[in-house]
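Read the structure below first, then the notes.
A, B, C, D and E are the chain letters, set down in written order, and residue numbers restart from 1 in every chain.
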Amino acid sequence: MTYLIPLIPLLPLAGFVVTGLLGRQMGRESHQIAVWAVAASWAVAMVVAFAALAHGFGIGDGAGITLWNWIPALGFKAEMGFYVDALTGCLLIVVTTIGMLVHIYSIGYMAHDPGKWRFFAYLNLFMFSMLLLVLADNFLLVFAGWELVGLCSYLLIGFWYPRRSAAVAAKKAFLVNRIGDMGFALAIMAIWTQLGTLNMQAVFKLVEGGGLSSTWIAVVALLLFCGAVGKSAQFPLHVWLPDAMEGPTPVSALIHAATMVNAGVYLVARCNPIFGAAPGVMVVVAAIGIFTAVLAASIAFTQTDIKRVLAYSTISQLGYMFAALGVGAWTAAIFHLMSHGFFKGLLFLGSGSVIHAVGDEQDMRKMGGLARKIPITYVTMLIGSVAIAGVPPLAGFFSKDEILGGAFKSGFLWVWAIGFVVAGMTAFYMFRLMGMTFWGPSHVDPEVEQHIHESPTTMTRPLILLAIPAAALGLLIGFPPESGLLHQWLAPVFEATIAAGGRTEAAYSFFGIDGGLAIVTTGLVAIAIIAAWRLFGVDMPAIGLHAEPRPDQVREVSARRGLDFLYRGSAAKWWFDDLNNLLFVVWGGRLAGAVWWFDRVVIDGTVNGVGTVTTQAGLRLRRVQTGHVQNYALGIAIGLIAMALGYFLIAVR
Amino acid sequence: MNLPILSLITFTPLVGALVLAALPSRHEELIRRTALGFALVAWGLSLLLLAAFALGPAGFQFNETVDWIPAFGIQYKLGVDGLSVLMVVLTTTLTWISILASFGPIKDRVKGYMISFLVLEVGMIGVFIALDFFLFYIFWEIVLVPMYLIIGIWGGSNRIYATMKFVLYTLVGSLLMLVAILATAFAFQAGHGGSWTGAFDYTQLQAWSAGGHFANDLQILAFLALFLAFAIKVPMFPFHTWLPDAHTEAPTAGSVILAGVLLKLGAYGLIRFAVPLYPYAAHTFAWPIIVLSIVAIVYGAIVSIVQPDLKRLVAYSSVSHMGFVTLGIFVFSATALQGAVLQMINHGLITGGLFLLVGVVYERTHDRTIAKMGGLAAAMPIWSTVFGFFILASAGLPGLSGFVGEFLVFVGSFGVAPVIALASIIVMVLAATYLLWMFQRVAFGGLSDFLRGLGGHLTDMSGTEMVTLAPLAIGIVVLGLFPSLVLDLLRGPAQSFLAAAGVAVGG
Amino acid sequence: MNWSDIGTIAPVVASVLVAAAILIVDLALPNRRQAVIATALGGLGVVAAVILLQAGHAGSAFGGAYSLDNLTVFLDAIFVAIAVLTILFGVDYIEPRGLPIAEFAAILVFAVTGAMLIAGSTDLVLLFVALELMVLPGYVLAGFARRDPYSTEGAIKYFLLGSFSSAILLFGLAYVWGITGTTRVDGVAAALAKVAAGGSIQPGLAMGLAFMSAGVAFKMAAVPFHYWTPDAYQGSPTPITAYLSVGPKVGAFAIALRLFVGALGPLRADWLPVVIVLAAVTMTLGNLVAISQDNVKRMLAYSSIAHTGYILVGLAAYAGGQHSGLSAILFYGAAYTFMNMGAFAVVAALQRQPGVSSQIATFAGLGRRDPWLGALMAVFLLSLTGIPPLAGFWAKAYVILAAVQAGGWLTALAVLAMVNAAAAAFYYLRVVVYMYMREPAEELRPSSPGLLFRVGLGVTCVLTVVFGLFPAIATAATNAAGVFGG
Amino acid sequence: MSGSLDSYLVLSGLLFAIGTFGFLARRNAISMLMSIELMLNAVNLTVVAFGAFVPALKTHAAVIALLVIAVAAAEATVGLALVMAIYRNRKTPLVDEYDSMSE
Amino acid sequence: MPIGDSIPLIGIRWDDVLFVALAATLLVSALLVVTLRDIIRCGLALIASFASLAGIYVLLGNPLVAATQVLVYIGAISVLVLFAIMLTQTKNAPARLVFQTQTLAAAVAAVVIAVVITATVLATTWPSAGQRLWTSTTDVAHLLFHDYVLPFEVVSVLLTAAVIGGVYLARREISKDGENR
């Protein structure tokens, strides 16, 4: 099996190279190679992934292959090698499946774009990078993939480069990511200098064996988490992800919902032996995660751009995952990662279909009543929404429930409490989105309205294909709770850490605390959904639900004393962008300008000043040469006297 | 093989220069091709050298020694170790690329230009292979004159100011270095009963230094003089201000060579001479130099952000990138040193490529102001793609060579003191900031009014231009994936460097 | 006096005879300039041959007043070369201006005879008389374009100040003579060695040294005794400036060697500080003022002052205990002779047609208009700057090496010299800038100098390069310096 | 008084100083020339005085003095010829009007 | 009747009297040379100072030098100077044409030099015999043509060169060497 592993990333890489070099010449068929490459990669990945899951590969006993010694420096070594265990397998499933579906979806979505070949080349490159990240067996290679996915994200966000906002968003995404990457890079250096290896399995062995002092463990964990925060758009580096929606929608689905943004979660989960040994850092992870979850959810409340709502939702869900990691619910985090990957991928692709339908309009205030016009999209998105809202028995319910349960049972009551609230908020804003988009009266531009039509099959089929796991994944791998298939798969990866943590969890008790929590949460979700229906309307004749939206009430609620501040803050994304703009663009620009001034005036001024002083001295001194011979003679006489005095001084010495 | 291959490589361009001198200056095309031919021959010879170079043994290979001025023990002594070989290949490669890249842009006084370039090559190669301190100095100074002419004659509007600044600045450093070289040789002579034999011989000087025979105050003074000369050349903060001017005014190929090779001369001098000969002083000043390097790394990047001119931006980025090199040298770690040398090569490839690309645009627009650009991605897609590639390489993207060098420096310095890496790693963000912002302004957005006004002149890259860039791009990818090609060559030099610097070698 | 004495001073005798022959040929064949030139060059060739025949021989004549040794031969060779080059460069310049070649050549040869006598002088009186023989014709040469107000003005300034300094020098000599009681250099040295051993020197001797130092410093054009240089150099006909910039200067250093090294060597610790200060002030002031010059001749005049400073570093190194300083002086003298004459010769070539000024603007576009002349000028200027592998570089290197070897304050002086050299690059390269990087204001015709002139330029250029690539002349310089022991 | 070397040397020193003053102060080239002659005479006086009081220098002094006188004559010849030449160009013997080459 | 060594009654030596008289004449005439306005009178004063110096040479027991002084300085150089004065038509001139603006500085410098020399002379112990020695002319001739024959010959060459140069410079000639520097 091991020899198959390199094929998984190399197939998309080959696709990238071929499409990149020849795509322009291939014209309308430029997607072919890219799509087939990913499809092939998917096939191989499935074999590998299920083999890995079936074998129950865990820490240190997975399948590895080393291609070559990448950096054989004196005092440093990093190899080009891959490693597959159960965790990798889970990720492979998500990445390749959604990746393949997004590729197929894009055939239709990008059909008329002149840069289609470029788009597919970039997508293939992304697939390669992401798979490299997932498969890498050492930290440096993970970092390489880490940076490369950042690059692809940059390229794809800025895909429509003539649009200034796209270019700016692309740059912002890359830069913010890089801030986190600095931490990751430092972590790698710390690991190398402390342990002398970057091979992850070897590092974990060493950490477990006590090869690293607790201080260094905490430092490394914290630095790694910095990287994760950047890539997974956690507070305070969450600002890039909403802007990243400037990219084509398939990109948002693939990169900014289902795969790349999960890299942070993956990294922390992958490094569970390190994090597990740093309880303090775990608290930080949980805190940042849950804070991000509530922060992003609060912003999602008021956004009007359909993709931005989904983006903030993504941030919020990622926060959940980090909270799960932080409380030690490792499997729950990965579970949520997978389910979220599918339903959020679905939601994004669906939103792309919506945007496609209404003539590239993303403002939900100019939508409404689309349910009947684009039914497939509507239905699949509804499934996604229900899933994310956490309505049983869809995927989101199980994964979210495990997270909240994990938090509660491991004593992180505050995490649970906030997470509980966020669950309600999630349901609310998702149904706000559904209501504004699909239900109620149409606000679509009459011009456009006539052209609204369902997307082509290349686009709808992926939606359907994604809706299946979004609906069924929970039951499939997450049932029964806390001992489903996924738990069995991932146990080898996490069990050591959990055991080392010294917490033996009580068995899942449906008729006990777990069931209670689930019911409470579900209740809150139901309330939130109904509230959203009241405010934004619902129209589901199949189950006899109908309610008109009430914009007046929305206005009234949002203007209520005490709430108006929250409303404005939410709408303004809590002013993070403005703060960043002030700090980095305005003040940073001024600082750079000041430094340049310093360079020109002080440093270069000194250099030129030396020249000027020299020249001026010359000009002054030349005046001695008056042209009058007696002046010269007097000069000589004075020189003579000086010399005589000099000699006398020496003589009497 | 008893072929004096080093002399052959060194003097092939000189023969070329003489041949060119004999050609009548009106046959411009013939002159161009002859120059390229000789540069290619030198390149081929250097590749031969690389192939014949034995990886195993430490020390210098292909040695050639002829007494030159026996009265002072000055020899014509050449020899290469892994470091030198790499630098020679870099030099010969960039030279032919530069010459080829000059075919179009240089239309005036072609003969003088090509002669200058070939003579420049002689000096540059000579610096890298001279094993006699005095011979080194002579080649060092020979480099100065053709570059002075290249900037001064074929440069931009403010070329005279720039070239004078370049020359005077460099001369101040190098003349003081001469004093230091002579003082060192004299100390050696005085220690050998007044015999000048070997007083300028690198290996003997180094052995003498390793024996701890150079007095501390001599070391301090000589090191400072050498350091000044090399720091100006590198250039290190705060001796860097000649660089933006020189780069901005130089013709494209001049900038390529300036960035690609000339800056390396300083770093090479530090590695080859300044540290191994004066280890005490090197250790004494290591921390101040490390601080200066970090300042250069961060400062160069910050200043790059606000540069209005493409070339000036790349020039300041060089200050930042070369900061890694000096940092890597003075943390005295094998890893960091290897990273530093790798960084030297990377910087040659990447920045050389960036200057070529800026030159491509300048050829068409006769302007380099970033504010006037915009939308080139649509107008010149191939150019933009290649430009983007080099920018990413410059930003240190993994998989490309820039990453490995920088990372090795980081790791090495982190091992010495994490605070160094902590202070300098911020450049990851800053570099991305200035590069991507520049790229955004140049390539993205709609086509600017200025560019639209050029109409049909705004053609994409020509075949020749792609040929000049292809080797660099290939080098960047290959070294990014297989840095061992370089690192293996550096094993010996790094070990002997550290041994000379008095640091135990790990790994 | 006997025949062997005559044999010992054969070059001097031959030189005097050449001067006489030139005048006789001119009288016998009026208006036949070729004959005069042939006589002069042929005669100087004979002199050169005589000098070469003397190479390796040693001896003294006239009771020790004159000594033939390696130093004499070395310096004589330089002086003859200077004479030949001056004639080669002069003809093309003197002719179009209607000045007589014969007088020019004869007076020049007289001056060079004086310089050659200095080289061999080991007697204070002979030294003084020889010095006068060198400088008096020099005054005449400076004013050789006697209808030209600049030339005569430069000449009279040169003359007045020169005579003044001669009187000062002579006054100092008288005191040294009075105290040591002998005019023979070795006698003086022996007497002073006793004084030096005694520890303190008499005020009278100190004053004598002061006056003598001032006099010699004047001849070298060291600051603050340099005032005559710019005016005399600028005023003189350019080939004569070329001569003045090297002949009297090398002559002055020959005096310094014979007098300060040969006679006053025992007191060198006493004159060391003076030389250090002189050297420092001289090179700094020379360079600073040269930077602001717009006339190339005047710029080169100040640059020659700066070079005096560099050579003085060698003397200081000797005084500081490093014998190698002496060979450095000699090498510098030789290298400086050729590169500086070359530079002036290019100026002269440009000024071949009367009316062309030596303003720097004249050089604009020279590299394009006259590529060979431009290239030659560039070589000379780069050599003067001290760029390897040209002669000027080695000259500086040797001087610096000697200074560094001496250590202490001399190291500081060496550093100062190098800083100065860097500053000097500014004005030398400024000419290159004009030649290659600027377009001419007005189109000048390429000056096509005559064959003799081109030969001269070729020789200077080749020597400048050859001294650089194969500084074997250093061996000769070392041998010559060996005269003073060590 | 007349039997002491010091008095002659002081006398020559004063003469030298007077000559120097003349050289520095006078504007006429010929006056300057005359001042130089005074200085040279001062030197000669020194030499002869040494000869008269130091036995070892006795005869040498006369020879040196004679040579100096001859040199002075040669200088005067060239100097006066130069004065003639420049007078023809400038129509003035006042040297401070010869300043066409000032900085 | 032989004259005694010293003046009767006062006891001052004749030599001293002569010395003082000659020295005074010398200094005064030298001062006149550098201070008189009329340059012809300067020339005449110059002759006077030369003459008094010749007297001092005699007093110093060196009649040969004294004779040469008279012949060369008074007979040749002074005449040349006077000729030159005539030829340059310098007339009695107002003071501002005689003296430089830097006269005061010149005077200070001259005084300093005088003081330096005087102080030096007085502070130095000379290897003096304490009495005047008489120089015999034959000795001088012998020395001149033995030890000093080379300088002597060189001086003759020097004079030749000076004459050639002097003649060239002073010769009247129409030529076209207008220069532009």
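One rule holds in what follows: a residue touches a chain if its C-beta (ideal position, glycine included) is under 8 Å from a C-beta of that chain, and two chains touch if they have at least 3 such contacts.
Given the structure is predicted, the values throughout are model-derived calculations rather than measurements.
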Between chain C and chain E, the fewest touch steps amount to 1
Compute the centre of every chain as the mean of its C-alpha atoms, then state which one is farthest from the centre of chain A.
E
What chain lies closest to the overall centre, CA atoms only?
B
Whole-angstrom distance, CA centroid of chain C to CA centroid of chain D, is 26
Centroid spacing, where centroids are CA-atom means, of chain B and chain E in whole angstrom
71
Distance from chain E to chain D - Cα centre to Cα centre, in angstrom
6
Please compute the C-alpha centroid of chain A, do the same for chain D, then give the distance between them in whole Å.
97
Sequence positions of chain A contacting 2 or more other chains:
611, 622, 624-625, 627-631, 633-634, 637-638, 640, 644
Residues of chain B engaged with two or more neighbouring chains
168
Among all residues of chain D, those touching at least two other chains are 16, 19-20, 23-25, 27, 32-33, 54, 56, 60, 63, 67, 71, 74-75, 78, 81-83, 85, 88, 95-96, 98, 100-101, 103
Listed by label, touching pairs are A-B, A-C, A-D, A-E, B-C, C-D, C-E, D-E
How about chain B: which of its residues touch chain C in the complex?
69, 71-72, 109, 112, 137-138, 141-142, 144-145, 148-149, 152-153, 159-160, 163-164, 167-168, 171-172, 175-176, 178-179, 182-183, 185-186, 221
If you look only at chain B, which of its residues touch chain A in the complex?
165, 168-169, 238, 240-242, 299, 302-303, 305-307, 333-335, 338-339, 375, 377-378, 392, 397-399, 403-404, 407-408, 410-412, 414-415, 418, 421-422, 425-426, 428-429, 432-433, 436-437, 440, 443-446, 481-484, 487-488, 490-491, 494-495, 505-507
What part of chain D is in contact with chain A in the complex they form?
20, 23-25, 27, 32, 95-96, 98-103
Chain D-touching residues of chain A, taken from the complex the two chains share:
622-630, 633-634, 637
Residue set of chain E touching chain C in the complex reads 116-117, 119-121, 123-127, 146-151, 154-155, 157-158, 160-162, 164-166, 168-169, 175-181
